[in-house]
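Listed below are the structures to be examined.
In what comes next, chain A is part of two complexes: it sits with chain B in the first one and with chain C in the second one.
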Partner chain A sequence: MTETRRLDASTRQPTQAWSGNGSDMSVWEHLRKASPRLNHNPNSYEAQQLNRVSLDQCVKCTICETQCPVARVTELFSGPKYVGPQAERFRNGESVDHTLDYCSSCGICTLACPQGVRVAEINSMARAVMKQGHMPLRDRLITQTTLEGKLMTPIAPVANWALRRKPIRVAVEKVVGVHRDAPMPVAQRQTVQGWLKHRSGPTPRRSDQPARGPVIFFTGCAGAYFEVETSKKTIEVLEYLGFDVIVPKQGCCGLAEQSNGLFDGARAKIRALCEQLSAAGREPTIVSSSGSCAGMVKHEAHEIMGVEDPQVLDVGARLRETSEFLLDLYDHGQLPTDFRRIDSRFVYHAPCQLKAQGMGMPAIRLMELVPGVQVVESDENCCGIAGTYGLKKEKYEIAQAVGRPLFEKIKATNKEFAVCDTETCRWQIREGSGAKTVHPIHLIHAAYGLSEIDSPQV
Partner chain B sequence: MRDVVVVGAGLTGLVASIRLRRAGLEVTLVHQGIGGLQLGQGTIDVLGYRPERVARPLDELADFLAAQERQGGPSHPYAVTGPEAITEGVGFLSQLVGPQLLVGDVHTNVALPTAIGALRPTSLYQPSMADGLVSLDPAEPGALHAGCRVVVVGIDELKDFPAQLIAGNLAATDLPDGGRLSTRAAQVSFPARGSEVDSTGLNIARALDDPARRSEFARVLSAVVEPGETVALPAVLGIEDARAFPELRAQLGTALFEIPLPPPGVPGMRINEKLTRIARAERVEIISGSALTGITAEADRVSEVIVATSGHDTHIPARAVLLAPGGFESGALRLDSYQQLSEPILDLPVARPSGELINDSWAREQPLFRAGLATDTDMVVLDPRTGGPVHRNLHAAGGILAGAQRWDEKSGEGIALASAMRACEAIVARCEEKDHD
Partner chain C sequence: MYQGVTMADFSVDVVVVGGGATGVGVARDAAMRGLDVVLLERADLAQGTTGRYHGLLHSGGRYVVSDPESARECAQENAIVTRIHADAVEQTGGLFVVTPEDSEDYADGFLAAAHAATVPAEEISVSQALAREPRLNPGIKRAFAVFDGTVDGWQMVWGAAESAREHGATILSYHRLTRIHRENGRVVGVSCHDVKNDRELSIDCRFVINAAGAWAGQVAAMAGCHDVQVVPGRGIMIAMNHRLVNTVVNRCIRPADGDILVPVHTVSIIGTTDVKAPDPDRLAIPRAEVQQMLDAGEALVPGFREARAVHAWSGARPLVKDTRVAAGDTRHMSRGMAVIDHRERDGLAGLFSISGGKLTTYRLMAQRIVDEMCAQMGEQRACTTADEAVPAAVGSPTYRVTHRLAEREQAWQRDQIVCECELMSRSAFVDLLAAEPLATLDDLRRRLRIGMGPCQGGFCSTRAAGLLCSQGQTDAPTATIELREFLKHRWIGLWPILAGAQVRQNALDEWIARGTLDIDHAPGQADPPERFPIGAPRHDGQPAGSEQKAEVA
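On to the complex of A and B.
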């Protein structure tokens, strides 16, 4: 006999209680009636959500303040509690504390909160409301990640050349507000779709592996256009293990727009993306090597922007980060572990947006299945970049200061090689530490003998 | 399959996870948010009051427990764990964090000045607090004794340390040796960074991790300290750099001690960071930010725990489960407006004292806090209605246990450590037994 002991989810999750359990008159509706002023606000969902229930759970223990990577390095940001559960009480659709703009949205505060307050989510929503009407052009431009990829791929050598020219970067800084030294992606000559079209065929399945049926691969914009090697290697490992990997045509998840408070654009993007991913199959697991985009689909779209679309929720429920997926296979005795030896000791940094997904750090256990591998966990909350935060000219120095202890640890541990699961974090770590920084799948790919760990692509 | 899932990352959960891992088990630690260590004083209380002040906690334990027994209600956790588990637990923690972080003796209580200038009994303390130690044994005076001159130095930029109040209260307190201290208050200005006028203790501690800022602070202090005075400071003397306190003390050339501040406290953070790093380095698998949402039970045992990962639930099969989520203060126990007590995640049966749970006195004990989970000596959760185990492999330790008034007794850390030891012992034995099957 199997029984499950748990209370009804609706009594536990503030976000679920909040949605009103499908009744006509949700808490939200009450608030909307009670507060006509908020009703006129074009971002009324966000404005309403400012009165979120979870902040009443704040006991002012101030643990979030002790963990905030931004408040650690600058007095310009008073920290997540002060701009969040504290200032929230004084907001009525308008912000009283504009230092909120210095929040990087890393989400460490929510992760650290022992009382379940959605500190980062409250702050992201409050910032979206605050920036209404005076959104910098820069924030509209740098969030168009698919467009950037599409423009740069055909002219990759020129784009890469231009991004390395100081005078051009200075001009960009002055005109657009992207810092001249901020880390930039390296444009590739071929997209993932281009590679799929031109390769001779799928990677042959290992002789001892069963045919495991389809999985859908979600590339993310960076994985489609810039970190193409990571996508290729993920697809190859999955095929090698016996999966049929479906890579549907897909757009952007809207994360960059979301974190910049451009919710309308982000909502449209996430819906379109989930439509595309769902069209590829209603049942298969969806795998992604783009840790932060996975977080957007799994919970941020819902929790920060109030996207209740069943398709988005369904795709979020089926989505697994690559290491999470492979480690789950291992825990079920289905992952071959006859890995080649790779003698390497290196720093692994789990990005904030991966940590925020509440799955621990599956990459550590996964990589340590490879003989000779010694993972040194970074012990740092954040690398500083936080998506587009560290690109901005007024925040670049802060982002560098946040990342510095991590860069130093990498230089002291293994200055050649480091591992991190998300793209922008890798750009930041490469720039800051000089180490070749890759997704965990590169190591697994090499350990299966599908590539050399020190091959140029890594 | 994991051997053990530990729920909660306070003192109990961290110490138990490391202990179980060192016994060779595969341990997953699941927690929602950071544990309670940095909300405490950064000291280890074993038994401070019974209700009179306790000088020798282990020697006085039997009398204390006999009085508890007469009072009725759920058994005190120490009656369940026995005194050996206290010694073992405190010893294990001391060895984990080392003498740079904890000194003192589990058998002997000392009194330390608090942030309102009272004297608080505890067993183990941080070396940076040693110069403020008041002995409870009149025959053996501590660092602070009758006639000592203490200057309590406040920092203008730190609002949580009322130097005047502390100095006044300390001077008005009779020491166990019958004498009194001679105290005065002083103020210095030390912005943690830039021109910050309202700093947290943590930001000042981070500033003092920098040797240059330490020297600057020593210069600022020496202007207000008179020869022969012991200096009392807020507990902000470095967070990462263990050399911060000894260097500052040497530069100042005088006795110097830290007084813990209201939470979040730097001394507690030091222990939390140290234990968390040990757990990570020794490959306790840590799943942060994930609430436990349920368990699946087969027959009389738990087969897996369910945690709320983003987007989906994660089912973690395990041979044993240790619940260490804390008590009411953590939301792990609840009382509703109908006086219904519950354990809100798994709906486990809660043991409660008979009679009224809450009274209208602010000074007397509130019986409510004796409510919690009842266990056997293996810390297996029992149903108080039947006396039998709820699930044979579901253990509980720390603040969720019934029978203690942890704040009044000053017994929180001792209970955490002793119950963690007992639970670990039983879990290791069970896993070894299974290995032979």
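On to the complex of A and C.
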């Protein structure tokens, strides 16, 4: 609301005709006063070109509105066509509409648009303008994912205990604005780096596998601190297949800040991350089991924030999501498929951010290589959480409503087990459906006999 | 009293002919001085030249070299119009830029000429210009800042008309002048046809002010004053889908074709050309000129040719023939207004023809002609038009493109949006319809911008036609005819620019209208004649404007 008032005050200034005569102000100063521009436009020229120009392709067909998971469940959001290509024509680089923040940035609209309008990207840029100089403390806090991991890991039992205490969560909701019932990560006693340091050595290479040389593993913050099991299993499978897995010291990709409109911070983070990943090697493929962070590097950094840094583009081009990487091996006849039989029928949900990367759904074919596995595609656009969206107290109910059809489908298909590629989505699905929800690598890891499928989910 | 008409419907001091900026300005000015005024407009207010221009509220910068007197007037009137029509004016600011294709000769003399004409102008760095307008050609060599703004001609004219009404004037749109009556070398009255109600009116008056612009010659001829030569200079303009720039951008060269890009409302308009046109009611939009404009835009904003154009139209500049230049080259005629006192020219007292000038200086032109009329009346009446804001502008900030979005933000859940592209609400439409029950969809469009966005009526027009029925204004067959006519008029401005993204839009629009709605078999006459035709009939019996490439709406 502060934002609205601020902008109204600036747009409702009383009429003052230009006055060139008898005034000390220069023409340029007058002009800047009467028709101001943002002092610091968070959107880059490149992103504006790419995204704003795409609104020319909109034919108002409304297909995006029919696919929007948020508009389907709430009347608080005016829909992607409205806040995207439609409202953008009225924006003049300013922001007067704050309902756009009900967009969860899931990106389904862009994916669905048959004309190539970057609906979600246009809206993300407008959100960045809207939030400039008006960022709730909550949004600044929850976007610091590395910090959260670093703080919680040493006190994991206490942190996990605290996050389960209702009075504490009520206090957190009141003070910070994170909903009391929002899904939370489970803090781990050991980070991936801690595990690597203390384990006895790499997973032995399978006897029939060649030494395949190095790959760089990009953990993502959640993969480093919370969903540690997923990272471990990815590393172990890669090593089992003959890869030399390099896990460099690495920071955050900045995705949470990007989706909250904090572009400056996000740009600095993605550049630093790509610097670190590049330092580990200029040639090797980079593998990640964090579908959303991979999406940030491959897609959003460039398409939303207009980052043109060659190192970021290079890292993005070398980056493969784990399922994508393994399926590529399979397609080249290099993936051993003597999997153990796992008789299971379960729902697989491809997260929005994975879909936005335009690589299809490699996890489905990969998992179906395992005898006995029957993958049921979720056919739902979004689980609702959309990164940090579903944590916020004013959006929690919406996020739950968005996810409900998915939760119901999981309960009806296999209420014990479900698969999804990204961390926050898994937290949401676990909370909403009660099913143990894991990354596809858990299934592959078990099918190679490296673990049991009922091993810890995180 | 004359011609068998025994009693006039009105008896007034002045009849103003023409409901464009000039005519409405004269009506307002005269009414504010306490005179009884009737204004006659054959179609809708500002349907002619006033509504068909690029929307530039001149700083004067354009004329500092070619016509310093015009430049000085523009600078003064810009400030006044911004004040009295705040609701219709956006203070965008303006830039004059030297593109890589231009020599710097003109720019070298620009500041000195601006200073001499008292037009505020200032050179800024290229990087300042590019920071303000990132899509500008990065190769520009120099840039100057001026106080250009933009103005919605319809909004401005309706504002002035409301003001005139408040001061007692009678504004009659869709009233076509049929005769000017003279007795003993004086104008004594006029007859007109009330087009929408199909009846005749007669009006007694002391003066007739012919403010018919490009049509002024035709009006003067009705009083028997022949050979008033107004050479219509046809110019085309193209609206691009969104604001490629948010500041008016002028090319810093001697005024030429396609050298202005103007952000008006949600679009940016490139203009214009200047070709002598024989008939202001039949203005073509030649494709060659469309391409010429797109090419010209490319010099200012790279990628312009590929950007989406949503509509093109033609307007007729009213330039009174001046023997100093050849009639075929109308651009370099004086832009000053021409006033003809027919007492001197034709021995007919009480008739003035006023023509030429610019929308920016409409108020000043009105002031001068009413001054002259008062002098002939022998009355001292001071002009107050610069001192009082029109009703819609009282307490209003200047317009900003964000206004509608900010308004919708407050009300989108409770007030349906009828025109999505231009964010026009149901209540805005219904309220205006209630106030103007005889309004056509095109009349409403000019006030509300319905159908003027990217879809060009493809989605909103059917909603609007539905509202005409549900509000009890008309029945289904008539509403369908109304809908067909509206779409037909929209398409006049679409045919010449159909390319790229707009083709897909119009294909979808056509599928919706023909496929989903089966408009060809909906009630009402399938190919109705124009209900309110304008101009003389064509040779084939069709009224002017029914030809495909002429703009009628």
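By our rule, the second predicted complex is superposed on the first by the 404 of 458 C-alpha atoms of A that agree within 3 Å, B and C clash if a C-alpha of one lies under 4 Å from a C-alpha of the other, contacts with A are read in each partner's own complex, and residues count from 1 in each chain.
Quick note on the criterion: contacts are C-beta pairs under 8 Å (C-beta built on N, C-alpha and C of every residue); 3 or more make two chains touch, one makes a residue touch a chain.
Keep in mind the model is a prediction, meaning the values are calculated, not measured.
Within the superposed three-chain model, A:L329 lies out of touch with both chain B and chain C [touch as defined at top]. Of the two partner chains, neither chain B nor chain C is touched by A:A401.
By the touch criterion stated above, A:G295 is placed in contact with chain B alone, chain C being left untouched. By the document's definition of touching, of the two partners only chain C reaches A:R89; chain B does not. In the superposition on chain A, A:D97 contacts chain C only, with no contact to chain B.
Contacts of A:C61 after superposition on the shared chain: both chain B and chain C are touched.
Taken together, the two structures place residues 4, 7, 11-13, 57, 61, 75, 115 of chain A in contact with chain B in one case and with chain C in the other. Those residues of chain C whose C-beta lies close enough to touch chain A in the complex are 59, 75, 78-80, 82-83, 86, 90-93, 118-122, 124, 128, 131-132, 134-135, 145-147, 241-243, 246-247, 266, 303, 307-308, 393, 396-398, 400-406, 408-409, 412-413, 420-421, 423, 453-455, 458-459, 500-501, 504-505, 508. Those residues of chain A that touch chain C in the shared complex are 4, 7-8, 11-15, 17-21, 26-28, 30-31, 34-35, 37, 45, 48-49, 52-53, 55-61, 75, 78, 81-82, 86-94, 96-99, 115.
Across the complex, chain A is touched by residues 1, 28, 32-36, 38-39, 193-194, 196, 200, 202, 206, 263-264, 269, 277, 280-281, 283, 285-291, 293-299, 303, 306-312, 314, 317, 330-331, 344-347 of chain B. Contacts from chain A toward chain B in the complex involve residues 1-7, 9, 11-13, 57, 61-63, 65-67, 72, 75, 110-116, 295, 297-299, 316-319, 331, 355-361, 364-365, 368, 377, 379.
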